[in-house]
């Protein structure tokens, strides 16, 4: 017979659930509000979401303080793990979401914002990501991931035009396949270790001295494929450009930041110990994957004719760049990953918001897609401020100092150099040069070509105060990043180091 | 002859491969979704078997959650298919190529 | 011995069923084959002592999922013969067979780990459902709740996506049309779906 | 204020540029001139405050930027950078003053002022990252200037310029990061401070690799053969002001960086690579001079002549002795003045005729005598006639390298021959002969605005050719400390032999006083 | 005394700048006056300095630092010593005269002011050249005269031939200048200074090979300026410039700078007599070589130019053989009579409306008596007839060669003397005697302005007396600095035989010239179509060879360098890399064909690749561990 289990409530650390619960409660309350009164304006929901996210962020930051004092906290039968990575990840997730949610306040009306459910799903998704990063249990990761993904598919589709459906279906189908990979990979790991907590898997494997190397590698292959999909590594990246193109710029920007950081954190948890285990295979594979991802996506980005697709490929390339940090696997590189992503977040937020600002409902005559390059022709002459902003974000993405991303970039490359990956560092540097080409392409269009007559009044068509504010925040974040780098670096290093990475 | 864990795992792997073939082969989205179900089911056999041979419940838990996930996916997937179908009248994925390059 | 026979029998059946599911050009065959495949899988669960899983498998899959799919098939009118143009069928099978071979190649080798330890051992004295219940509501409470959220998300998503509100796309309508529509409280005659 | 003069000097133009957005477009040029003039006089004041007898860094400022990673805002100047800074501010000023562009002048002015910040920043930076920041940042305004105000191929030219230089500098960035890593290994601290790096003695194989990494960045910027092909396009397409600044200042960043980074950080590698680089330099000198001779477009002649002269500068730098390095730095300034002036002069005729093909001209000397005279002066300076500014630099550079290798110096010396060939030929084609084209018969001679820019340049050309001491002395003093540093750090016997030991530089200064 | 030095030096500069102020304005006679006046001032100062130096003093000033970097230190230092004062006198006298002459000669020229600006600038450069106390200062002047020569040869810039000649002169000089620079480098790195006094004091401490190289390089430098073979072609072409320019620059002063350099550097050449002999041999060769070309030429100015070249050869013979004072002396004498000759030629040109072919002239003595006398006088002096200047200086060189027992040189020089006499009087005969061939071209010659003739008078006087009067005081002064070697043929009989023989030989040559050309000109077609005639007429085909061997290939090579190498290789590589990358993108981005099926397949492909690699590694790993066990 089974004994009844006695668990003291204190040992559960129910508080560790608080951040995710806040998001879930937020989502539920939005549903309730809608139930009580229909047809409320979207700004209400935006603000409610913002409020809950703010609370969420506050709690996470509070956990950050606790972490710095006491170290990692386990909760709910060790299911929740609040270590540095989890906290950093959640901060980026929540803060990123907070910056993206006001993008719903456009001056044009789009279908999805008419649904209160949209905001509920958004919050559910955030909760999903939060669960995903705040655990090292594969089940939790899987369920969190699926919660978030399912919500995300719906969010994409809610834009309600055929491209967005197409994007959602593609994303969904490939996501289902990736879920299969993940499940199968986890199964094999479970088969050889009998554990589904990553640290236990690690310790069992270490104790066995990787005796079942074949199993491990097959499992890693499956997991790599699964996370390759999530992080859009070549050749699992194919969804990225289509999905970005099909969804709104706001959501595309969001997707380039938040889901990825969640993926990176899990990837870090999963692959870090493997990289350090001395399994050469993984290092080689990751090395190749990183290089191929960076290079191939850069090359494809060059030939794009739509800015959003270009940015999609660019974000693949950035992901590849950051994946290198996982390959390098030192404290410095992991720190660099977070630093990079935080800075990348600001810049990409700005870039995609600028696209969002310029979104019109129907294509103009001669325009080939929503954000075709030619739309930006001669922008400096018609909308100088917009052109300068966009140019700024492009420069930052290209890694031109002193704008935000540059600092992330040198720190990543520096970590590669210190990690002994000098050639990789060189490849990364040269890839930045490749990347500069397509960022420059937009700059060339904006600053060096003549405006197309009739396009000018359509540029800022979707702008509103809140969008402009977000652009402003992104711009400030991008320009003055240098001020923030030092404190960020200090904090992140503390978090990462104390989490044992 | 004794049936070992390996037997189950091989079965699981074979079923997974069948699922992969289905995923690659199917052009009808609904049929494609069938194939993704096969993938997950293949995994479930593996989990249950491992749980059995390791004498550990965790595997069964995993399989349980996978079933839940599969069910959710069906709901969302069908929802997506419905809107797509309403818009285009088809669920053949070959017509879904408005975005490329 | 019985176990072996049962295993091979069900294995063959499952493989067969799933192959049909994947290969047939009749949608109905596929659906039926999959449903039966699912049931055969539950047989494995029972064989492996995972009674609870077996039941869930039958209920959830064969009951809920298959019903949904059946509904979907009717909705999409895919009961006829499927026409699927394969531009390069060989590559699919090469890939599939390769994947299978490779996976099998590894999986046939015995697991030599010596540090395996059951975290939640199955005790013979305890019924499977009971044991699962205990684990599910302690250790796996949070994922369980999260799964509930996930199902909620799926439900909302399904409802919203399949809902009637999606028929008119605000995204594609000009601002004036939207204003007009909200002013007249959506009269039926202005429904011009898919203005493009 | 004096202790912050460098920061003021760096950021004043940027601030002014931002405020410039508000200025009405009709007044933009006046605003630009005012700002640039203020900046120029600030830089003159800097010279006034500068103590020429001290060889070390002056006006040092330091503030933490990313302290955790050892990145600090450190600026300071010595004799080497002082004059290039003044050159930069000067050329910005006269560049704006002589601006004839009419399209979107305000944007151009703002861009130029930003460019000025980056130029001053590069030469004042003493922290590798800060240096890199300004280095890269300088590409943007130039990209814009070429791309927006350039000729028909402007986009190709500007993108090529940008990508080429950017690629090179990224390799350099990896080198810098490796250097910082090495410093970290040696001391346990992260630091990008140049002065702290100077203290490191690196093993030879590290030096070689790092030297190569830095070299890629610098060589493309210089531009050294065979990385020079972006330059003709950039010059060919750029508007006058762009070419002027590009030739006068931006190219100097590369050679300056050789002196600032490559030599003192990697003395052994510098010696190791001395002859390969000298070979490249000689190819630059002779080969590009030949290419210049074959040109049909006068601006391309001047552009290729720039490459050729940069070859002499590089050669002088790698002489690794005080004479050669001082000469090369002096030549940087000289070449800045002269090539800047030549580009301005080409701009004058381009404004009138909208063509730069030499076959379109001929006999201009009779139509535009003042123009011909100014062009002649600058051409002769470019050819390296004594008592013009170029000669001093060229002579010292070649003299310096002669110490290292007689043969190389001899071959490099053909610069004075081949240089004369293409320059005189070009001059002959443009100015001599009879006026054949109807359009040329009534060209207006240089006007007051143009004279305002050109005459000071001509005066400087001759003044510094006759009396280079005010500039050469501080340069030489600072170079001495670099050479001494290199000698002290040198490990290989070859390097110890090739880099002279100056003994105590202080004593020598006194000796020179007594002369 | 320093003040006189500065006046002598800077007065021409002042004149130049003054004229330059009016450079672009129409003619103002005042520029010519002022420039001439300032030159006269310079001349007077030089006279004062000459007196001072004659008294055994020298003036040495250091005006200011020029270049100082590290150990390298070069000031603007000037020295007036026995050698430089001679040069200063020559320069200032000839240039003053040429200036005054030019006021008339350039009377109708649009570029009158410009001309004086250039001409005075030239004098200034020349002054720097001769007065500098160090090699680099000399180099300033060296290049400065090159510049002015360029400006003045190309003075009539609308003429293609003039500008071409100007560029040729400049570039050829540059070739030599490079050698000179190298010589300077060698001196600096071996001695550590470029000051004459330091260098000459230290030079004997250097090893002979180094000194030899220094000597060679410096001499190559001198070869360019003094137009020695093979860098001689520019001099004849330089006659495109206005005639006063030819008189001043390409006869009297600039071209002798090379000789001056060798004389100045005598402590160096004193150590390396072998090089000296080589110099002398080259000089003798050039003397002969140029004279032969002058024999058949049909261009008045070119004939005189070849004669200059030939005389420079004489000077180098002297200098090479260590008779520095003789070289310098001939330099001085030659300056006077050659300038006179050129100015005379200028008068003729003026009269003949710039016609240069003497075969189209004739009988000019009627209308241009003074010019005829002056030119005959100059030619006599050039031929070396006693008691004119040429006799004292040129025959001295013959003696030097003889005394130094270089009989081959002697013979060559002797023959050349005959040739010189022949072509000089061929010219005089053709121009001033015989029929008035020009009449059929409708030219009515007239004598030049009187003041021009007056201006030439001092030169005529000097051409006559320079040898007789100056020789002794000159010798006494100069040998304070230069090696004092008296060249006497000790055997009196030999001496007289030689002297008289030479004189007779020369006179015979003159007579032959008169006989052949004074009456009527017979064109001997057979001779003229002969090989030697053609060879000489075409200047030994050297300009053609240069054109074929250097100029054209250089031009072609430049084209190749640009079009083939730079554009098609270097640049194409860069663009090629970029294009390959871009094309790869264009080709492969179709992988993203938008079809979900292929997207899924890519994922499976990725998985299978990973699996293959995993298995391969596993198998390999197991194999390795097996073997290890």
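By written order: A, B, C, D and E. Residues from 1 in each chain.
To be clear about the criterion, a contact is a pair of C-beta atoms (placed from the backbone, for glycine too) under 8 Å apart; a residue touches a chain by one contact, two chains touch by 3 or more.
No experiment lies behind these values; they were computed from the predicted model shown.
Contacts with chain D and chain E are shared by A.
In terms of Cα centroid distance from the overall Cα mean, chain D ranks first.
Set against the Cα centre of chain E, the chain with the most distant centre is C. C-beta contact counts were set side by side for A-C and C-E; A-C has more. Centroids of chain B and chain E (each the mean of its C-alpha atoms) stand 95 Å apart.
Centroids of chain B and chain D (each the mean of its C-alpha atoms) stand 65 Å apart. We define each chain's centre as the mean of its Cα atoms; on that basis chain A and chain D are separated by 44 Å.
Note on chain placement: the centre of chain C and the centre of chain D lie 68 Å apart, centres being C-alpha means. Shared interface positions of chain B, i.e. residues touching 2 or more other chains, are given as 5, 9, 12, 16, 19-20, 23-24, 26-27, 33, 54, 56, 58, 61, 65, 68-69, 72-73, 76, 79-81, 83, 87, 93-94, 96, 98-101. Residues of chain E in contact with at least two other chains: 589, 592, 594, 596, 600-601, 604-605, 607, 611, 614-615, 618.
Contact of a single residue of chain C with at least two other chains is seen at positions 92, 95-96, 99, 102-103, 106-107, 109, 111, 116, 118-119, 131, 139-140, 143, 147, 150, 153-154, 157, 160-161, 166, 194.
Annotation, chain-chain contacts: A-B, A-C, A-D, A-E, B-C, B-E, C-E, D-E (touch as defined at the top). Partner chain A is touched in their complex by these residues of chain B: 5, 9, 12, 16, 19, 23, 29, 32-33, 36, 39-40, 42-43, 46-47, 50, 54, 56, 58-59, 61-62, 65-66, 68-69, 72-73, 76-77, 79-81, 83-84, 87-88, 93, 96, 98-101. Across the complex, chain C meets chain A through its residues 102-103, 106-107, 109, 111-119, 123, 125-126, 130-131, 134, 138-143, 146-147, 149-150, 152-154, 156-157, 160-161, 165-166, 169-175, 178, 194, 196. Within the complex, the chain E residues that touch chain C are 601, 604-605, 607-608, 611-612, 614-615, 618.
Looking at the complex, you find that chain B touches chain E at residues 20, 23-24, 26-27, 93-94, 96-101. Here chain D touches chain E in the complex through residues 160, 163-164, 225-226, 228-230, 287, 290-291, 293-295, 321-323, 326-327, 330, 363, 365-366, 369-370, 373, 380, 385-387, 391-392, 395-396, 398-399, 402-403, 406, 409-410, 413-414, 416-417, 420-421, 424-425, 428, 431-434, 466-469, 472-473, 475-476, 479-480, 483, 502, 508, 512, 515, going by the rule given at the top.
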